[in-house]
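For reference, chains read A, B, C and D in written order, and residue numbers begin at 1 within each chain.
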């Protein structure tokens, strides 16, 4: 029930505010006696961390994760894996003017209304800083999923109007990580970076879409009716800050198609049943069919802009929000590892649920 | 944890196959001593039931709901409300040819692979017949939500390429229910019906998009981080058969916008804080802001078509699926009440979670 | 979260009132493709059903369970298994005098206070009739547990002051079922039956204790800290009507012992590690150790007596409750199968949780 | 589902091993904007901490709790409250001999068997050190419960054969805290302390029973059927290290009584409905009736004794466990605040669940 926990069997609980001493998390349900690659976890964090390039926020955080429980001699013990990440470069004074002001399209107004109190420093817990916790959880989930050869790769599909249309581009990790914007199309990535620079120069921000492809998912993940695999992926993605939409397979475009066009026909490849097309996006009847799971997540432009904006204060009086602070001109490049992390946790959770149904006594 | 239950505090558990004696459900957590309007629940079921018009499946089901517990002298008792809906017009013989065959883009292959067994008659439990249970749960949730004046209205936004573009159309229940396709734009609805008829005449099917608008939602619904209101709405919608996408507020289009365009500025109306625009779709920081909650759900074309299709059987051998049975040429019109029902259950659940935090002792 | 559901992965949801048309349940999470022995389920229900002997209530119920979903050609399909049990012999008129009266030590006062409404006919849902649902869930769990050779046997340990002290008596199913009171000691069982007859003749009731022994439990069931195996057994047992206490292994007597007496020392038997004594009751550190799990459950005397009792009504005015209706003079004999059923569901649930942690990809 | 989380709406997640850098916890669902008394929380920890007196373990821990999130300007923010407690005085070298040995009646064997790995230093996470987390969670729950005037007081009921039989003793906090053994009967407490000293001098340990009384519980807490108040109290208590039994109201003694003796008759006191006796222990039909909730918890003698004991090692070979380390001769005095803490969390959770059902829109 906990609103700050994610996952049923592989469960991450997240805590911490942007300007508190630490953010951190607790992973419960991690399979025991698994040799963890802690460096790899740190590498995933580097992909998300602020200040990594000119097109991300300049807040400097080392984002060094420190594990304080649940790991013994490098292996998971089956006990909760707790970890802390220090908040170093917080400039709370940058936020003191926001104490009584509500920034447009931020969480200020709704959180104040709901809780009657909020830690306004750096957005408190509504800050995207929280997503570092997800990346740690996802990095561990990814490592465990290698046991099944499952591999998850997200990428920047579009920034503003610029979108990946070249069908010959493959979703390759090296290509994606080789450019600041994390788009697998080298040419397009340059245009995207230019666009972000341009927008940033005007003190503005821009949105975009992250794509994700999961391969080697075992057939049979996902539960019927309410716990469909795509339903849990959708929830995971819409729980990420600034996300506004999710689609799987043919998605919104698929709504324009005829059944005779949309149906994915079966084929045999090396005696294995596959589909000739993948409009279903790897899921049929709520359950993975062995084809790549393919989905997209829409992100709105960041609400914090470097322009003064009219707003209101706690008393409902008009006020002006100064455009200051350090923020991403576009969340999409840093959202890529977050999307992967959330996907990894969903897939592992469903895999563990499937395992539970195994009737064999050995 | 139950994969056939939906909701945390207001929780519906669903059971039953398309061709079994009954489908049914159990609603646990319904606030007690609430006078239920049972006729209204039946009316919601009529909106979903098959055979209601020329553009829906011709399976004839009365879909009469029978309550067997949890209601005493017309009022909820706080105990589980169980109900049954009889399956009358099932023609299992229509499905005997599917025993060993897998229909393309259906749940046949994935369910057989996952469970090693399936009730193939009428799609068993993967049939959209299950959604009747959701409508009952949602109808009760809607009635309780009237205590807070919350009102939920879904509608057909698009069929194929035909979409609601006239910005002057209001989302009005009477307009929506006055035509078979449930589109609030009278002119457009005629075109949509023609399109569906045309597609159906060719033995084909077509997809579309359902929109939904929730008004008078109290400020403060939704929990931070993993249990954002939009995350739970997304999960609810992607759990509906044939849905492929969800977007809230600006959605995928919003990803093309600049922050300076997208931010919803505050205003005061009758001393109440409102927003001048609603790109956020009624949710900020995961929490409702009092503005209308607006989202869309994409539905793919129905996989069953009246044309013969190549496919494979259990042994992986090629086979041909005959185009027969009775099915909807387009799920969208009947999906409208289902979308409303799922939304109602999400909203009520969050409202009850909010209630739980109330520190007042009276 | 649902207050009428039990179990995390193997989950039973229960519904129905004593005098409604049906009681019933939904089992979600049953492993698929398991051949169920439906006759055996019915046999378990016979052990619980009213009117089975002179020392139980004379309400006549066939307690025939009818399965309406989730079973196909005799096998579980992985879908929810829903079932109904008809209420036949209810005499609601016997209860009309209770509409505005609160019976002492019954649920009348607390339910009315909590819900503001109650179905007073036959105790509504507070009736022990609900436990039939548990027996069905437990019967299925027991069948699945045979895959691991787990066997669960409860028995009457004491009635009033008469308790099983003969250490040479073995806990044997045939002995237990061979007498009305379900005590494995033939001589003692006769005394117990006499005592119950005596108490009943005076219009009174009496309590007792049920013991339970589970053998062949795999080592490793139970989770540390909050989900200890004994914690979940305790909850399961205290959720049974009229139960007032639970103890495992040495229990309350163990609190009087010294550590040097209480420690269970290891031994080797056929190269398997066992313990020489079992004061731990089969659980150490919250986790099963392979030794028999042994626990006891205390039941109070039934609150309904055939004597007039002073009480109060809804307005708080003094009134007299007439001693009428049909009730058990002692719940213990019928509690035996209920204790077994709850234990079976706890064990299976933990077994499935353990399965989920399996890292093997095959 | 998380095995290291407790509570549905007010939820504590616990982490950390006995000899790691920290133990800690995360409280999710704490009602927002509540002014917390942090000193009071620390005081509760002092009641549990080791080394507090001659009859507890001599491990020296300051047990200073440090809050790192969820509190702003002294008030709960509605966000997760995370906290750390440093492990200072751990002597891991004392445990190196246990690496491959299994101590009798400890968690060593079962944890190794289940997880295939264990942090053997100081018992790792099976150490009673984990209970400090519960005390923090309980201390916050207690503070919130003061809004409803609920007050919870546990006490030592028995040590070995010495039990509280003087019916005139009142359960008074000052009396209880005025002696090392936390027994409200001054004379008896002296005898208990002598007994513990005596047992300790012989290198042995002894068990006992903790009683608990909760007053001013609102009528209506607890849910019917599976989530009875007593069921959740039982689970909470059996989740405490070394506990072996739970009973409420008349408990095991009640099983010997007649219904006519056991029924609690109603009375009116200042126009309020009360019961003349309290064999029910404050709960009827699973729901609190407004009378004091009274229960007892049995604790076994600590398994670690200062005597050499025969045991086995990982290979199943015979070995001798040396009696060394620092341990409590009797857990009961330190269990008193833990029992209170667990009870407080159960009561608050049920109170919040009740709140959620409130249909009032204001």
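The definition used in the following text is that a contact is a pair of C-beta atoms (placed from the backbone, for glycine too) under 8 Å apart; a residue touches a chain by one contact, two chains touch by 3 or more.
Predicted, not measured: the structure shown is a model, and the values here were computed from it.
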Looking at the contacts, which chains touch subunit B and subunit C alike?
-> A, D
Between C-D and B-D, more C-beta pairs in contact link C-D
Turning subunit A onto subunit D with a C-alpha fit: angle in degrees, nearest 5?
-> 180
Just curious, how far off is subunit D from subunit A if you go by their C-alpha centres, in Å?
-> 39
Hey, how far is the Cα centre of subunit B from the one of subunit D, in Å?
-> 46
For subunit C paired with subunit D, centre-to-centre distance based on mean C-alpha positions, whole Å | 26
Numbers and ranges of subunit A residues touching at least 2 other chains | 1, 3-5, 8-9, 14, 29, 32-33, 78-79, 114, 125, 224, 353
Enumerate the contact residues on subunit B facing subunit D in the complex.
-> 1, 9, 29, 31-34, 78-79, 144, 147-149, 224, 352-353, 355-361
Residues of subunit D touching subunit C in the complex = 1, 3-6, 8, 14, 102, 104-111, 113-114, 125-126, 130, 158, 160-161, 199, 204-209, 219-220, 222-228, 230-239, 243-252, 254-266, 268, 271, 273, 275, 279-281, 283-289, 298-305, 307, 309-312, 316, 353-354
Footprint of subunit A on subunit D - complex, ascending = 1-5, 8-9, 11, 13-17, 20-24, 26, 28-29, 32-33, 68-70, 72-73, 75-82, 114-119, 124-125
